[in-house]
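Once you scroll down, you'll see the structures, which are given as structure tokens.
Two complexes are shown next, each including chain A; its partner changes from chain B in the first to chain C in the second.
== the complex of A and B ==
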């Protein structure tokens, strides 16, 4: 028999109570995995999308909305003339409901701009000119919208033909409805407006030089903010809000888990009061009793963490298949997130066990003689 | 089985416990469990402590086992003050074996595991703990019950496990709080024989609380208590 055996027996003593506590912690940790995984995945998906388009710098005005605020397309001409800028592509990105799908990315790109170049045709063709009433669909978007070549897609009040299905090399690209910028500006009543400018820096620029270029653009263009690709989503107010909400909700769920573990461990200490006194009477040090309670508590946290990671991962995988968000989510279910989640659970376990452990250390061995 | 009373020469050098003016009060002095107790106990003695309920017997045993500490007075173990011990848990683990009236085995551990519990506070490695527990359970006649949980053992068997547990770390002193109080007369007889035999074989000092005069008569010395005082302290006549 090892000390670990003693810890396990302590938990196994009341299997139903231990099980319910584990379910409580697991749900809290599952919330951490799911919410944080989704919000991080959202950020990463956008970053991957930028990378797929070959974008080094993104100029946008990421206010409090999920889609950037529109600004004048003349900004693109100012930026194009700045030294260090090799190429630009004006874009209008919108998140909107299309037919039965509650939220789709609509990506309207400057006709002939470099952001079209990464799209690999899987079937059909690209639009013939900037004003052809046609769209190409990312492969996930086609699946979600259940569209094939020759079908039509209604955007705003306009019926547009699906002329091609493309692989954009990233989830965001593959989940997008892609069309030419002038066409969308006309359909949506945003003539002369764009909300993103993708920039390719001069080849060979270091990350520091790209940052300097961003700073230079920002001094010249007050309408929008330039950031290295990938940083812009993470720095947007909307993303920060989503991220804060994810952590906030997770924190609440974790607090419920803490209370559950603390309640269980307190009950354990009260219930095993005489046993603890007997252990003290036969020579156990108080420090060993404290260690026993804390390890039981940490073990609850660890097992709850493992359970939470499993529930959270399965839950996110189920979420991904839901029609409303299918093709839009690429959750970050990395090993790092799993390890962080289990570590949070273990810390929760230990913190929850502190008070019960302190209570157990206050017991006196003479109580063993009573009863 | 009677033991010889220590000679006057061995009195000082073999003195295990020396108690002088020992008092224990509870509730800010409203309850006086011990009101000035004096005695000495020597190596190898079998001392029975008797007296009516509430006379202070169990409180005295608690003091000897460092389970609680006196309000005033001197309490020495081998010349060292028990209340002044830097690590009372180590004293309880290594010097003292305690046998409770209600056995007090931990229900989620087998007989073998219960006996190993006190050994966690020693440096004994795991295989040694296990073999020592098996050896002790054989000593008390429970080699066929090693992996039984307390709920599957009879009262007599549980007390045997408790005795084996009390011997786990080879203590110098056995403190027994009415060890046969929860047993039928036949089992009580066997358990008492076992405790006396083992303590004699291993030259341990045995301090036993009892209400039963027939048990007290088997001790080498009987201390009778009343209202927190010692009212008599008699050596048994040698056979």
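== the complex of A and C ==
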């Protein structure tokens, strides 16, 4: 019988209890996978949206709201004159309730700006001019709003024609209602206001040079903050709050898992008191007993982690198919997240085993005779 | 283990002492603060309203735009339906000055403009009456704190408001469950003259507005006697907007104007 066999046999001694403990850890880890995966997926999908628009730098004022705060559109002209800025596109992004849907992204873009260029027409056409009462819908937005070419969509009090369905190359783009900036400024009462400026840096700039350009813009423009594309959402208060909530909820679930494992391992130590004392009597060192208990709890964590990753992934996949969520989620279920989740589970297992291991190390061979 | 328990007890007793040291506002002060938050000048609001009729019929959804000018002594509010298409343009103007019972006009496209009947009538078939929109019960004369209760895991003070002699209301009293930290009512119950519960309004989502203050982002209004329910989901709010006086006249509500620019 090897050291490893003793560990496995220890866990297998009470299969129902071990199974229930594994379910507890798995649920905790599934929460980590699902919640963190969803919040990171949100951030990545914004970053992909920026990339799809060919944006290197985003200038915005991300406050506590999900949509950035508006500022004067004259800021765009100021930025355009800064050396290193190859092109700019002024945008007004809004989150608003449209018709029967609760919240939709409305992306109003400077007419002729480069952010229109990445949109691939799937059907219909683009608006003919900046003031045509028309929108194009990202393919997911069309699905959510149940609209096709020729239908109308009402934004604020204005009825606009759906003239095209587009593939924007990223979830955020595909979930947006896209129209020209001057048209939206007029119908939303935001004349002369924008809340995002997409910037293309001079071709060939390194990441460091892009960062320096951001710093330069930030010294010249107090109204908003320039950040390399993809970093801006991660730095918004709203996203930080969502992210913190995800980790906080996951942490609670993990704490429940810790208590479950600790309880199981304590019970194991109490039940196997005689066995442990005999092992000490036949010459096992206390450190080896501690190692045995810690490895048992680490294995519980590892198996629970694997189970959690599977449950979390399947759960998120099921969530994605629900009609209310379909097209709105693009979770980041990367291998990195899976490895982190399993590592958390193993660490949880080891930490939970510390107290039971310490208790087991305090047993003496003579206790074996007391029964 | 003992050390941990002692430490935990010390921390919790310190927290308790620290909280106990914060003086709770008096009923009058609390009501005055809430009243000031409600009567907070001019604002533009966009929201989605869904009315679920008694007996479980299909929900009717509306997109509404609200223009309001609220001061300490007067209230002017315009509710306009902007969606669905077949109801777009319907509008209601409500006004109240001082302690009068309120009055208003209703516009039904294409050209029916009439004064409102009774203030207890329903707003666009919802569970809100015109009086509910106008009334600021936090400004009523009689305000009492009648207890505390946990609502949605938040410890709330229960504020009871009763109209004074000169204050007109269809309700004999209103109870509000106030989250003192965010200064937001999480539940409101309105009672008839026979003390029967007429409306219950719940909030499950509190968000920050454009001025960084906490406001209810959604409301569910239930009429226990009728069995119907209405939900309101806010999507936009702009404070400090400028309106023309004509927008708060019966003629002015015939037209749906775009949201005003914020300063």
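Observations, loosely collected:
In this section, the second predicted complex is superposed on the first by the 366 of 371 C-alpha atoms of A that agree within 3 Å, B and C clash if a C-alpha of one lies under 4 Å from a C-alpha of the other, contacts with A are read in each partner's own complex, and residues count from 1 in each chain.
Just so it is clear, a residue touches a chain if its C-beta (ideal position, glycine included) is under 8 Å from a C-beta of that chain, and two chains touch if they have at least 3 such contacts.
Computed from a predicted structure; not experimentally measured.
Partners chain B and chain C, brought together by superposition on chain A, fit side by side with no clash.
Contacts of A:190 after superposition: chain C is touched, whereas chain B is not reached. In the superposition on chain A, A:156 contacts chain C only, with no contact to chain B.
Of the two partner chains, neither chain B nor chain C is touched by A:16.
Once the two complexes are laid on top of each other via chain A, the angle at chain A between chain B and chain C, using C-alpha centres, comes to 120°, given in steps of 10. In the overlay built on the shared chain, the residue A:3 is in contact with chain B alone; chain C does not reach it.
When the shared chain is aligned, chain C comes close enough to touch A:103, but chain B does not.
With both structures placed on the common chain, the touch criterion links A:207 to neither chain B nor chain C. The superposed arrangement places chain B and chain C with a least CA-CA distance of 24 Å. Applying the stated touch rule to the two superposed structures, the chain B and chain C interfaces on chain A have no residue in common. Contact residues of chain C toward chain A in the complex are 44, 46-48, 61, 63, 65, 80, 82-85, 88, 208, 212, 233, 235-236, 238, 256-262.
Interface residues of chain B, counted against chain A in their complex, comprise 58, 61-62, 65, 67-68, 87, 89-90, 92-94, 96, 98, 100, 102, 104, 106, 108-109, 112-113, 116-118, 120-121, 126, 129-130, 165-166, 168-169, 177.
The part of chain A that touches chain B in the complex is made up of residues 1-3, 5-6, 9-10, 12-13, 274-275, 278-286, 288, 364-366, 368-369, 371.
Taken in their complex, chain A has these residues touching chain C: 64-65, 70, 95-100, 102-103, 154, 156-159, 186-191, 193.
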